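Just so it is clear, A, B, C and D label the chains in written order, and each chain counts residues from 1 on its own.
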Amino acid sequence: MRYIAIRLGLSVVLLIGVTIITFVLTNLVPASPVTAALGERAAGDPKIVAAYKAAQGLDKPLPVQYFVYLGHLLQGNLGTSIGTRNPVTQDLAYAFPATAELAIFAIVIAVVVGLVLALVAALRRNRLSDQLIRAVSVVGISVPTFWLAVAAYFLFFFVLHWVPGSGRLSAIYDAPPRVTGFFTIDALLAGEPDVFADAFAHLVLPGLVLAVYTLGLLVRFARSSILDVLNQDHVRAARAKGLPAHRVITAYLLRGALLPILTIVGLAFGSLLSGAVLTEQVFAWGGIGQYAYRASTSLDLPSIMGVGLIVGLVYITVNFVIDVIYGFVDPRVRVG
Amino acid sequence: MSGLDIRGLTLELGGRRILDGVDVEVPAGQVTGLAGESGSGKTMTGLAVIGLAPAGAKVSGTVAYDDGEVRVPDLLALRPGAMNRLRGRRIAMVFQDPTASLQPMLSVGTQLTDHMRHHLHLSRSAARTRAAELLERVRVPSPEAALKRYPHQFSGGQLQRIAFAIAIACEPKVLIADEPTTALDVTVQAGVLRLLRELTDDLGLAVLLVTHDLGVMSAVADTVAVMRNGSVVEHGSRFQIITDPQTAYAKELVESLPHTPPPGTGEGEA
Amino acid sequence: MTAVQLPRRRALRVPVAWRRPAAIAGSVVLLAWVLVALLDPLLGLQDPLQQSVGDAFRAPSAAHPFGTDALGRDVLSRTLWGVRSSLPLAVALVAGSLVVGSVLGAVAGYLGGAVDEVIMRIADLVFAFPTIILAMVVAAALGPSLLNAVVALLVVSWPNYARVMRSLVLGARGQEYVVAGRLLGAGPFTSLRRDVLPNVSAPMLVLAMLDFGNQILLLAGLSFLGLGAVPPTPEWGSMVADGVTQFSSWWLATFPGLAIFSVVVAFNLIGDSLRDALDPRTAGAVQGSSI
Amino acid sequence: MNHLPARLAALTATAAAVALIVSGCSAGGGSTQSSSSKTLVVDNTFDLKTSDPARAFELTGSIVDKALYETALTFEGSDVTKPVPQLTTYTMSDDNKTITLTLNGKHVFSSGNPVTIDDIVWSYKRVQGIAGNPSFLLTNLSTGKPFAIEKTSDTTMTITDTAANPALPFILPNPSLGVLDEKTLEQHGGTTDKTDSAEQYLNGTSAGSGPYELSSYNATSKVVFKLNPKYVGTKPAFGRVVLNNVTGPSQKTDVQGNQAQLALNLNSQQVSGLESGSIKVAKFTSSNLGYLWLNQNASVSGGVTNQPDFVKAVRHAIDYKSLQTIAGTGSTQPGGMVPSQFLGSLASDENNTTDSAAAKSDLQSSGYKGQTITLSYPTDATLDGVSFADMAQSVQSNLESAGVKVKLNGLPIATLLDSFRAGKLQAGLMYWGPDFPDPSDYVTFSPGEGLGLRAGWTKDMSPSVTKAKEAAIAAQGDARASAYEAWQKAANADGAFVPLLQAARYQVTNGVSGNVPNAIWTVDLATVE
């Protein structure tokens, strides 16, 4: 309990640190967000500029602005985006599930396929299949995500027409009634199979593109941690017990390799979000990545702060969840 | 003869000949010691017999198995599936370091029952009942509670007792014990060895005891085979080997090996 | 817990690494690119900046094996000249993060206490951001240019080195010879320099080698987003970006993309081989890098 | 390890392959075609920020507001030279200072409330009061004084400028001056001053008398319209319109696959070869004007760009034909800053011609000594699909052939605008989209005026241009065209701006017609059939 309290405390400190960093960084920008948001004519009118500054609280000194921001933050108010004119919380509530849906799809694919490949490679160490899988993994971590996105989009959409175009849903469909914000799940909940099929079809290509890097990373690490475990006595002991192979592999081998793999999955989640920026840009996904890109190039301070916060929060949550799983999987941690 | 009969066992790994025609008989109801220094091939002999030689190893020779019920003229000629049915069921193995040979993330109960359920087709509850009896048999205190616990919650000596319980769970006829006391404190070694002797006698096990420790040999082995460079150079009764080694190498070995090695120096053996 | 055993003054087993086919393949590709970078002006290519708007968007042909771009420039020559942007900057970037991260990590690991806390908490903070989002904000703040992109990536990439360095230093600090050195009166920095650094340099170099690929990808990624290279400089990431809006001209994005891929693969193959050649236990510490 | 794990390895590999194939297969079966012929899907690359007319001043916002709201006056089809009545008819006073609007028949808001003079007055005052982006529309551009807006009877009102303003009827059709339902909005925070909080409401529910109502709104993905049953005009052919945020390349495939019936943002490269069967490409010249500026402020110019002969050299060095090639067929080179479609535009000007010999001699006499000039341009904006980076590189190459060293400085438009508006950029490329189709919108490109100052072109410089500008503003009736032409000629002879390009624009349709390109609101969704 005390451990959890300390962790939570550290997380809050980390989050505040995140806000300070983003705040300072965005205010270092030589340009002011004011003119960025106003039209050509409006920016030339001092009255409009003044009205705008007052409305955004930009007429106050920077530290005051920061504390005003923190005050609002405590009330769950992240301010209003300069770019979209919506409350940032509302924008994030739309963008975050989009990215989460994509990222979760990608990580599930990467973990499942990655583990299987790593297992095959480790069990058939130095044979042809191992060499091939290792080659696939090196390719996975070496191929530029943005280029892969462009190439895959070109090939599977533009040439082959196997997948629908960019975005999360075809124009003819409306987004399903919002429950989770995941279009696939919401469509199922609403009992709209057409919408589900369409949302899923949109998800597949960007999801696979995004999964490639993580997959490569995972195969690499999982293979070596499986090899580590493979050389441990308890796997040999389990085999000496005459257990069937699937039992040896799932209960003994994989369980032993799980912890280092979990760590990598946590790390991979971070790289997944990075990949998402580039992938979303190509696929016009409308998630956090695209939002962050728009925000940082248009100096949309409230949006950037919002992205920083939510991403920091995700990072902290993922690490926390992984710690919890650690405890769950490893009795040594659980009891100690 | 009941037990194991190893004839001309050879093993090559990566172009190197590790075993070069090992001949040993491991009769039922006896502890057959396999002694030798590091790299002499004793551990590999054990692994080859149970069919767990490293990937890529080329094994030849014959290993005959006979327990009265089941007779296999050559274990090495068995198909992998058939061998796997014997492993754990007819031939069991205990490893050197009990803290490593038990999966740290599985409860003792799970590790003690999974192969029983597989080989003997016991129900979950029947397997657990038998597991508790086994733990009692190897004198692990409060067996019921112990089943729910995890390896890190036991001492090394207790873990090795648990390992023995796992090994005898499916009533095997042959037990290969690979340096079962080397990783243990000196104070608990004697207890574990007593247990090994007791099991041999009570269950009529054919035990192949692999160790470099003549102290251990002299405590429990009925006969001792001395290995060097992948083959057995001398095989005789415990008494004969210790007091009157015939070959120069055996003599050298007897003189050079410490009787009680310092605890916790379990260097990996080939 | 036992400290990682580091043999004293262990050299990187470079000759061993170099016998692996993967390392050889990687080195050959890399060497080829270095040669291309050095010899670009002598290759008889067309001027990568020479525009000919009448010849825009020509598909690959004998005259233009990789086709032409929106301004009729030769994509082959732009791709081959592009290595001049990517490689030297990646070297500068990795060297920069190696130095900054190593110094901060060594200081944190060696001095411990408050200094350690401060440095590592800042590292945590940087870790909490996906690299590219933070780099994007920094690059947007500094204004687009390849040099600023390098600075932005430097800001986000040092913590990885700092963490590994810190753990290596912590491991080495407890070694007898280091303790003995301290007892003989060596000051903290003398001891750090004389006894600790030589032993951590090998894993740090491997880490740097493995990081190369990532940094090239990130650099190209920033250019792809328009936050890196400034036209008309031929640069692979921005060349791929040119291809995004022109799907009918597939060659625009394909060739520079393959160029990035080949360089990154080469670095990864070499880095992998070096890591494998290194003591596997310390190699574990080296693995934790992320895009 | 031996055989046993190998078998399992094979098994798991098969499982992985199956998993991949399954996910691959399901990828194929996604997109189905809508059976409803009533839905029109329009692809647009969004720059949408809000649908509140008093705050919107983006291209997408104008498309949206045009569909949702009616304006006092409007334009017929593409013809932006003649304002016509919508909610009201109009008369101009003799001194051109006052426009009188008279209610024109019966119009009804979607709420059922009738459109009254009070609604129009309130909507206009709201535009002025909340000081949003479009509030300048109802302001004197020279003095910054808001127009006086007055209700004069239950059916009439007046708008009065402090000076003669013949552009008044040309301003009023702008969708940002859409008329809102005062009674409904006042219940949702609508006011005519800065306390107004109706934007949220308007982004969820429209409150207009236009052909459509808002069905759903998302500024980053799509806006869906449904019929406004209370609309008094001709009922649109489509009962439901989806305006979708789609990038150029996808717009192309959308139209090809009939996923969208109208695509608004394809560039010349993308439309080439597209026309076939039911797919039609309508080509027109954009009224957005790309220009180059050279800063006249001595401290920003580096002593180079403020030299009149240097400016002349640049004008002659640029290869305008190359720019048109990049922009595609249908693009033109405007003679002055007023786009070719508008009153007073110049067909061509001798100062803005490609002439490398003249460029070299002008450069010589300018005293240019090899200094590098920095040419800024926006990286994340296009001139109707033509990348500024491409234009900038082309201009750079032209100037370098003439002997001028040029460094490109691509910036996100936000950063660029900030520095540009502060007058701190030495040279660069930007564009101007018309606020209203009248040349008076362009006098800002004069010494001492808003845009002029961004190029460091102050009041005391180029008196000939200032004189011509004043004459143009003062001109009335038929004299206006020639007065504006004269002003542009003067500005081309001694000015900071080089008009470069009006790109071609394309509206690509599949199976629909009636889309009429319009310089102010791009397209009226209600006329598509």
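To be clear about the criterion, contacts are C-beta pairs under 8 Å (C-beta built on N, C-alpha and C of every residue); 3 or more make two chains touch, one makes a residue touch a chain.
Here is each chain with its UniProt name: A, C = Peptide/nickel transport system permease protein; B = Peptide/nickel transport system ATP-binding protein; D = Peptide/nickel transport system substrate-binding protein.
Quick caveat, the model's predicted, so the values are computed rather than measured.
Enquirer: Which two chains have the greatest number of C-beta pairs in contact?
Expert: Max contact pairs: A-D.
Enquirer: Counting only C-alpha atoms to place each centre, which chain is farthest from chain B?
Expert: D
Enquirer: Mean of the CA atoms for each chain, then the mean for all of them together: which chain is nearest?
Expert: A
Enquirer: Once you find the CA centre of chain A and the CA centre of chain C, what distance in Å lies between them?
Expert: Inter-chain centre distance comes to 23 Å.
Enquirer: So, what's the distance in Å between the C-alpha centres of chain D and chain C?
Expert: 42
Enquirer: Taking the mean of the C-alpha atoms as each chain's centre, how many Å separate chain B from chain D?
Expert: Between these chains, centre-to-centre, one finds 85 Å.
Enquirer: So what's the Cα centroid distance for chain B and chain C, whole Å?
Expert: 51
Enquirer: Find every residue in chain A that makes contact with two or more other chains and list them.
Expert: Chain A, residues with two or more chain partners: 29-30, 125, 158, 239, 297, 299.
Enquirer: Note the residues in chain B that touch 2 or more other chains, in rising order.
Expert: 55, 84
Enquirer: Send over the residues of chain C in touch with two or more other chains.
Expert: Residue numbers touching two or more other chains: 140, 143, 226, 244, 247.
Enquirer: Would you mind writing out the residues of chain D in touch with chain A in their complex?
Expert: 1, 4-9, 12-13, 15-16, 19-20, 23-24, 26-34, 36, 39, 41, 43, 49-50, 55, 57, 130-136, 139, 141, 144, 194, 199, 203, 216, 218-222, 224, 242, 244-247, 249-250, 253-254, 257, 259-260, 380, 412-415, 417-419, 421, 432, 435, 444, 450-451
Enquirer: Could you list, by residue number, the parts of chain C that touch chain A in their complex?
Expert: Residues of chain C touching chain A: 121, 124-125, 127-133, 136-138, 140-141, 143, 213, 217, 220-221, 224-227, 237, 240-241, 243-244, 247, 250, 253-254, 256-257, 260-261, 264-265, 268-269, 272, 287-288, 290-291.
Enquirer: Within their complex, state which residues of chain B touch chain A.
Expert: Within the complex, chain B contacts chain A at residues 50, 52, 55, 84-89, 92-93, 95-97, 100-107, 110, 114-115, 118-119, 150, 152-153, 163, 166, 170.
Enquirer: Over in the complex, which chain D residues touch chain C? Could you list them?
Expert: 247-249, 252, 267, 269-270, 272, 322, 325-326, 379-380, 387, 389-390, 392-394, 396-397, 408-412, 415
Enquirer: Across the complex, what residues on chain A touch chain D?
Expert: 29-33, 35-36, 38-45, 47-48, 51-52, 54-55, 83-86, 91, 94-95, 109, 112-113, 116-117, 119-120, 123-125, 129, 156-158, 161-168, 170-172, 174-175, 194, 197-198, 200-202, 204-205, 208, 230, 239, 245-246, 249, 284, 286, 290-291, 297-299
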